[in-house]
Amino acid sequence: MTKKLKSDLGWSTADRIVVRGHDLVELLGKTSLGDFAFLELKGRMPTKPESIVFNAITVTLVEHGMTPSAIAARLTYFGAPESLQGAVAAGLLGIGDRFGGSAEDAARMIAAENGLSGRFVELMQLVGEEASRAYGRDLPVNATGAIGAIASELGIPWRVCRGLAVMARAIGLVAHLQEEMQEPLAAEIWSRIEGESSSHQRPGSD
Amino acid sequence: MTKKLKSDLGWSTADRIVVRGHDLVELLGKTSLGDFAFLELKGRMPTKPESIVFNAITVTLVEHGMTPSAIAARLTYFGAPESLQGAVAAGLLGIGDRFGGSAEDAARMIAAENGLSGRFVELMQLVGEEASRAYGRDLPVNATGAIGAIASELGIPWRVCRGLAVMARAIGLVAHLQEEMQEPLAAEIWSRIEGESSSHQRPGSD
Amino acid sequence: MTKKLKSDLGWSTADRIVVRGHDLVELLGKTSLGDFAFLELKGRMPTKPESIVFNAITVTLVEHGMTPSAIAARLTYFGAPESLQGAVAAGLLGIGDRFGGSAEDAARMIAAENGLSGRFVELMQLVGEEASRAYGRDLPVNATGAIGAIASELGIPWRVCRGLAVMARAIGLVAHLQEEMQEPLAAEIWSRIEGESSSHQRPGSD
Amino acid sequence: MTKKLKSDLGWSTADRIVVRGHDLVELLGKTSLGDFAFLELKGRMPTKPESIVFNAITVTLVEHGMTPSAIAARLTYFGAPESLQGAVAAGLLGIGDRFGGSAEDAARMIAAENGLSGRFVELMQLVGEEASRAYGRDLPVNATGAIGAIASELGIPWRVCRGLAVMARAIGLVAHLQEEMQEPLAAEIWSRIEGESSSHQRPGSD
């Protein structure tokens, strides 16, 4: 009395890989990574406006500089250089309830210009205007909100919205780790923080 | 006598985000996610052939069906539905020394057709021909090798090659988790495996 | 105008390690792992009853058989055998909002017998009696609840209670990975799940 | 023609949990967390000397102050406070090829005093003496080596030795996260590192 296991995303054999019903070999060279991500999530290729908007919101989420997430990834790579995937995973684990997005205004404008602006985006514009009165710096709820609004226009379930940040940031984290390989910062960061945070306990400190 | 911390990837203020020297707002709507990933890694926009090849190799790495990585992500989501990022991270942690790629032949062909075929790709073609004589199923070394060859043509450091799989698979894992939300499989998988693997120990078994 | 970084947990030099004000070398050989964990969390050594109860609740959380968490760890190890820490981390990522504990009744009894039973444990006994009328199998809220009650008696903040499960399960996951090294199951699990879940899409299936 | 799935670690029903053949309820109150970890790994309870040694080596691995691993865990918790397990997992991901252990000399002495000293420990003493001539600070290979020697005396497979550090550090990381909840450092760390590492790129910097 078991339930049948079933997935519609893809399957492969030795000489063929099929994703969402498309032979991969027919898509290669014609489909960009962003459009392919849309296909994975929605089960169909994006229209031109959808493609522009979807690529724009994911692009905005790739790189936000030396965030806690990027620092955590670099520190993890320092300890476990054999596992690049572990360092990326450590970085992604910080893309949670409080993650700082930004540049979402631009992404929202793109959405509007491409005829997808609807009630979700409008709602967010109002929220954004309110929010921008109050704050100095980058407001997490704003990022989440704007991207959530656009994702909703695209019919992406709200629970999956965080996944857009996760997939985009995976790209950014690989770039951070590449830079860390070339110009390591982790040992210096460790040394400073360890020294300062334990100085009150060491003998001779007062 | 501390070392200056420095990163060239990007920085942001409340109203501006700059990545690799480009104002993000000027790239949005014009730059696809794949091309932006290239910019992140290489510090410059790709040429047209580079764009085609880079998108092709990352696209081939997004979705390989119900892999150990995808199953691990789904089982993790089952236990911690509050943390989509954790389930993606769990899946990515399996993209290590032995990960099964596939469809790399097509990506390699794309590279050749776009004038980037050089000594790395040629070398891999020879390896691939040898390999294809021997095996029935998807051969990890083949995937790693072919993508490594193309990435080398693109000047991506070999240590970062695994990162291409990681960033691409992050997309695939989000799609798996979306499907898992809609049609959960984890409980069934758990139930079957737990029952079978402990049956020899339970009272009444012989 | 920066905030001073400060941690009271420990510090080390080349020839000395100090944890919570104790020289490690003076504790070794006298202090068990469980008591040391108590010291880490509470800043002081446990009394004898506290030791018994704390060890009991953590022991109950170590091993629950082939859980989703254990399966995810094994599948991750299959893909990335270079990173044992990654496989443990993948398993721990499933110790989230819905994690199945069990055997908490025994741990609760231990608490009562050792004079720590107070209002928290009493409350949980009532909840547990209600719960045990209704269910056939292991009930997550029950485990969380009972251990939470005892942890509260011990003055451990509720936010940290999940951490007890995480630290204990880390032990169990290492044991699962040791078994997986000796008798691998991951490839078989993968093969079955992949085959079944994609069978409806493959050519020749109907 | 499938392989039978089988695990000998444990199983549970609604009213019973059995680990390595022992009814959990009979062990509670009598078995410490460290001894239970030994049971999990070795399949039998430790002798008294084995218990002392095993607890000593795991205790030495719990807390090494503000390590890269602890910092990564705190930064991750900052971004995803909903997922304590994610922050611990992020910290554990740095317990890889280069992790700094320490205080291993004491643990090794304990082993000698308890009659378990054999060829592995002797070998490490020689290595350690050589090593201690050359270095100022804590030497990773030394920690790995000494604990590896003792673990080998205990018959723990070398591949699992890293797991001892992982399970022990999980405890330390929970303590760090408890402290981070009470006195948060992550925002300050982020602010300093982000500011400094991007200062050369921001307008007005020269």
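As written, the chains take the letters A, B, C and D, and residue 1 is the first residue of each chain.
The definition used in the following text is that a contact is a pair of C-beta atoms (placed from the backbone, for glycine too) under 8 Å apart; a residue touches a chain by one contact, two chains touch by 3 or more.
Since we're looking at a predicted model, the values are computed, not measured.
Engineer: Using the stated contact rule, I'd like to know whether A-C or B-C comes out ahead in C-beta pair count.
Structural biologist: Between the two chain pairs, B-C has more contacting C-beta pairs.
Engineer: I'd like to verify one number: the distance from the centre of subunit C to the centre of subunit D, where each centre is the average of its C-alpha atoms, in whole angstrom.
Structural biologist: 14
Engineer: For subunit A and subunit C, what's the span in angstrom between their mean Cα positions?
Structural biologist: Distance between chain centres: 29 Å.
Engineer: Averaged over CA atoms, how far is the centre of subunit B from the centre of subunit C? Could you give it in whole Å?
Structural biologist: Measuring from centre to centre gives 30 Å for this pair.
Engineer: What residues in subunit D touch two or more of the other chains?
Structural biologist: 5-8, 10-11, 13, 65-66, 80, 82-83, 85-86, 89-90, 93-96, 185, 189, 193-194, 197-198
Engineer: How is the touch graph of the chains shaped: line, ring, star, complete or other?
Structural biologist: complete
Engineer: Please output the residues of subunit D touching subunit A within their complex, sorted ascending.
Structural biologist: Residues of subunit D touching subunit A: 65-69, 71-73, 75-76, 78-83, 86-87, 89-90, 93-99, 185-186, 189-190, 193-194, 197-198.
Engineer: Name, in rising order, each residue of subunit A that touches subunit B in their complex.
Structural biologist: Spelled out, the residues of subunit A in touch with subunit B are 2-3, 5-14, 16-17, 19, 24-25, 27-29, 31-37, 40-41, 51-52, 55-56, 58-60, 62-66, 70, 83-86, 88-90, 92-96, 102-103, 106-107, 110, 113-114, 135-138, 157, 159-160, 162-164, 166-168, 170-172, 174-179, 181, 183, 185, 188-189, 191-192.
Engineer: Show me the residue ranges of subunit B that touch subunit D in the complex, using the header's touch definition.
Structural biologist: Checking each residue of subunit B against subunit D gives 4-8, 10-11, 13, 18, 21, 80, 82-83, 85-86, 89, 93, 193-194, 196-198, 200-202.
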